[in-house]
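Heads up, the next two complexes both have subunit A, just with different partners, subunit B and then subunit C.
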Partner chain A sequence: MEILKKIFDFSGSPRYGLFATGIAGLAFLLFPILPHSSFSMSTIIQFFMFSLYAMGWNTIGGFGGQVDLGQAQFLGIGAYTTAVMMIRWNTPFWVSLPVGMSLAVAWSFVIGYPLFRLRGHYFAIASIAASLVLKDIFDAWSFVGASRGLEIPTTRYSSPDFLHLIFTQDIYYYYVIFVFFLLGFFFINWFRRSRLAFQLRAIKSNEEAAGSLGINPRWAKIKTYAIATAFVSTVGSFHACYIKNIETDDTMGLDISIMIALMAMLGGMGSLWGPIIGAGILIPLKIYIKEWLGARAGLVGLDLVIYAAIIMFISALEPRGIWGIVEKVRRRKLA
Partner chain B sequence: MDILTGSLVAGLLIGMVFALVALGLTIIFGMMDIVNFAHGEFLMIGMYTALIVAQTTGIDPLAAIPAAAVVGFVLGISCYYGFVKYLLRGPMVAQLLGTFGLMLLLRNLALLFFGSADRTIHSGILVNRAFDIGMGIIIPATKLAAAVLAVLSFAGTWLLMNRTRLGRAMRATALNRQGARYMGIPTERMNALAWGIGGATVTVAGALLVNFWSVTPFVGLLFTMIAFAIVAMGGFGSIPGAFFAGLLVGLITEFPGFWDFTAYITGSSWMAGISMTQFKYTGVYLAYFLIMIVRPRGLFGWKS
Partner chain C sequence: MDILKVRNLSKSFGGLQANRDISFDVTEGEMLGIIGPNGAGKTTLFNCIAGAHPIDSGGVIFQGKEITGLKSHSIAQLGLSRTFQIYLASGDLSVKENIMVGCFMKTRSRSVAAAEADEILKDFQIAHLAGHFVSELPIASQKRVAMATALATGPKLLLLDEIAAGLNPNEVEGITNLIRHIRENMAVTIILIEHVMEMVMNLCNRVIVLDYGKKISEDDPRSVIKDPAVIKAYLGERYARQYLEQAKK
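Showing the complex of A and B:
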């Protein structure tokens, strides 16, 4: 019971904030019933997926200050495990999900152990290298479809198949990922007050001092890396069932890793709301700019030019993100 | 035997160009501890500059090197004053993502202006000429010229950094920014100059590659990763390190040749059965990961 109290403990937030969150939660719950376009539905599903990725990244990158740019490899492990198991052995999603998660976490230990000897830029760049090596291996490995990728045959299942998570209507995917989102959200709400999170904050501000106070920085980072990995690979498995067509470029590319980190940074690192705000802004922005401009002839690339310009503005002018601005305003009000 | 020597020579030649690609990145990192994701896109712009100059005027792409150098210098300086200057105030994650934004911007501007088609040029005077130096080794003239010019540019930059007053001021800024400012060195201008030199060297490398490497807006990322690998191996901020690591990376990209040679010598059929060509760059990433883990300073690094 003690742990339940901690999970639902929002005492740090102001009352109007909780009220707004409740309204937003209700709106998301009722959204599929209200009239909507299928485009906005898929945008919101993407938003949930990327806020979960960013929440996972935020544990290691935001609380711990370790800028990891290789999260996409864990996404890939999750997605490929689910896809391979479903195609070859017809395994239910709920079985392949924990298998994929275990594989991803095991891999995170394998690379995390040497990686966390490094700090700062060195860590960031080495994490990219690890991710690229794995991507090249998947690109050449015929068991996972090599560079052609994999496709889950949907005709084998009659929709709605809750066991294999194969649906023809997006509404089912919406509620599945919404439940995942809520679980992730409450987990992070517990995590941010856990012993590990406080250790991570100490490591972020001064690793030597943290070490001298009896924290084992490397072990704390490896544990947190496993948490981040579990988040990312879970949504990776969902990605496999939702997209159904998996290629290494969509799941394991550097762009995905950077986008995950970018969302957490844009929203505000090391906070509960940061990743959600970041995904809530960047995902609709990216998808809608692409929808408006991407298809026009002669303007190929313009959508990403605008997107890149926004990234550059944010990182040059407000690197602490939107949550940083909110906290600044709130502190001024208190003073 | 000819596989072995052929791979060795090809690896060393391309390695010299790779070293020039990485030179700018290592200078910039040494000066201001910022990792530039847009480095490969500078190279792509150098390639397009040489291509367009060569196509419109009809001269050899190698003669377009000065134009590429000027474009790279101006681009580097304007990126510094327009963008990187503000980025340097922020935390590391903002710097990483900011230069990633710059990379996306340059890549997609190129896509917007030049389209996504592969472009090549075959009008150069050196194209389709080759030297046969015996033992079955044939060196294409374009690659030899690129390697020689790359080494010359590299040596020129090394002289600039080590034998001039300006270079000494830049090295002083890299070693101790505050101390350099107290000695009257305009550190801000030195930073901008590092970006200018970094941009110019990498666009020159791009112009050298145009004769035998097709140009697309997406060519940059591969070179960014190669340059990261070289800089990490040679040591962040080390210029001689970049040269030797460039040669090493050049040899690693040719390792499918060595693999085939070993398979041939030992007569093992399982080795011959595996094609290593697709893992050409995986070897580079792997070596880079291992060196980062074993010796984060790099082989010749002075920044710990």
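Showing the complex of A and C:
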């Protein structure tokens, strides 16, 4: 019971904020039964997925200040584990999910141990390298379909199959990922007040000072890396069932790792809302701008320019991201 | 009982010998001052004791346990805490959160840590600053927060590195009283590195003097300032005379 109280503890948030959150939650809950296009539906599903990726990244990158640019490798491990198990052994999603998560977390320990000897930019570069090496291995490994990738045979299942998470209608995927999103959200709400989060913030400020307060910086980072990994690989498994066509470029590419990190940075590192705000802005922007300017007007690439301009503008204005601006305004009001 | 024994400690950085063959003991409950000119190796000595630097040779024994070669977080967990010359921890942590990080060494519970932090804030007369970021505060308050954070880990031995540097005489008096208060109310032994001699004379019952990485003198404060070697290396004739005259009155 104590733990439940902590998970739902939103003291410190202003009342109008909670009210707005409640309205937004209700809107997301009712969205699928309101009239909508399938395009907007898939956009929101992607928003939930990337929110979760960014929430995971935010634990190690935002709270801990370790700019990891290799999260896509864990996404890939989750997605490939689920796809391989489902294709070869017809394993239910709810079994392959924890298996994929365990593999990803185990891998995070293997690479985290040497990686966290490095700091700052060196860590970021090494994390990119680790992720790309794994991608190359998957590209050459015939067991996981090598560069052709994998395809989950949907004809084997009759929709809706909740056991294997195979649906022909997006509404089911929508609610599954919405539940994941809520679980992730409440977990982070607990996490941000936990001992580990405090220790991470101390490490982010200064590792020597953190060490003098009895914190083992390396172990704290490795533990947090495992948490981030669990988030990302879970959604990776979901990605496999949702997209059904798994290729290394879509799951393990560097652009995905950067995208995940950017969302948390843009929204605000080390906060509960940052990753959600970041995903809420960047995902629709990316999808809609691409649709309008790319496919309709033929202006291929302009979406990336606009995308980059927004990121530069926000980071020049307030390095702590959009949530940093919100907090600044709030502090000014209080003062 | 000796809480800390330092045995033949040496440390060099490339060709620069920062500490040579330093030995001393610290008795439980005492207040030891370390003085010496800039570059004498005082902070290096602290870093070696607290595990921030690996030691070249020699050993450190804390509460009868060999701590040579242990990492700084392991040493902190054994009950040896320190402050830094330039107060580093700040970032996006408020004053209270900073102190809570210290409290979290002994407890996993957030509510316990918060309650302990409130106690300490009150004790250090900085309760009104709880919600501020450390970087927003004047230096005297920053130093108080640094000390409060170090003490929040519940240490047996506290190393204070130039806690009075950059403070005006009023603030020095304030922090001197605070240290006295800590010593009277908590079972903690204190070693302080300090350039503000008034503070050393007022607080310490024993002083070690370092010069060029070597221990050149060790005695009670009144005798140390009469030591010709100390006067030559650090104090200078005028200060020593001044202080002796003051002491006579």
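Worth pointing out:
Keep in mind that, in the parts below, the second predicted complex is superposed on the first by the 330 of 335 C-alpha atoms of A that agree within 3 Å, B and C clash if a C-alpha of one lies under 4 Å from a C-alpha of the other, contacts with A are read in each partner's own complex, and residues count from 1 in each chain.
The rule we apply is simple: a residue touches a chain if its C-beta (ideal position, glycine included) is under 8 Å from a C-beta of that chain, and two chains touch if they have at least 3 such contacts.
Quantities reported herein were computed from a predicted structural model and do not represent experimental measurements.
In the superposed pair of complexes, A:Gly22 makes contact with neither subunit B nor subunit C.
Judged by the touch definition given at the top, the superposed model places A:Ala140 against subunit B, while subunit C stays out of reach. Contacts of A:Pro153 after superposition on the shared chain: neither subunit B nor subunit C is touched. Look at A:Pro14: by the touch rule set out above, it reaches neither subunit B nor subunit C.
Once the two complexes are laid over each other on the shared chain, residue contacts for A:Lys204 go to subunit C alone; subunit B is not touched.
Once the two structures are overlaid, the count of subunit A residues touched is higher for B than for its counterpart among subunit B and subunit C. Residues 320 of subunit A lie in contact with subunit B in one complex and with subunit C in the other.
Against subunit B, in their complex, subunit A makes its touches with residues 61, 67, 69, 114-115, 117-118, 120-122, 124-126, 128-130, 132-133, 136-137, 139-140, 254, 258, 261-262, 265, 269, 299-302, 304-305, 307-312, 315-317, 319-320.
Within the complex, the subunit B residues that touch subunit A are 29, 33, 35, 83, 86-87, 89-98, 100-105, 107-112, 115-116, 217, 221, 225, 228-229, 232, 236, 278-279, 281-282, 285-286, 288-289, 292-293, 296. Within the complex, the subunit C residues that touch subunit A are 50-52, 71-74, 76-77, 81-82, 84, 88-93, 97-98, 100-102, 104-105, 107-108, 110, 113, 149-150, 152-153. Here subunit A touches subunit C in the complex through residues 6, 193-195, 198-199, 201-202, 204-206, 208-217, 270, 320, going by the rule given at the top.
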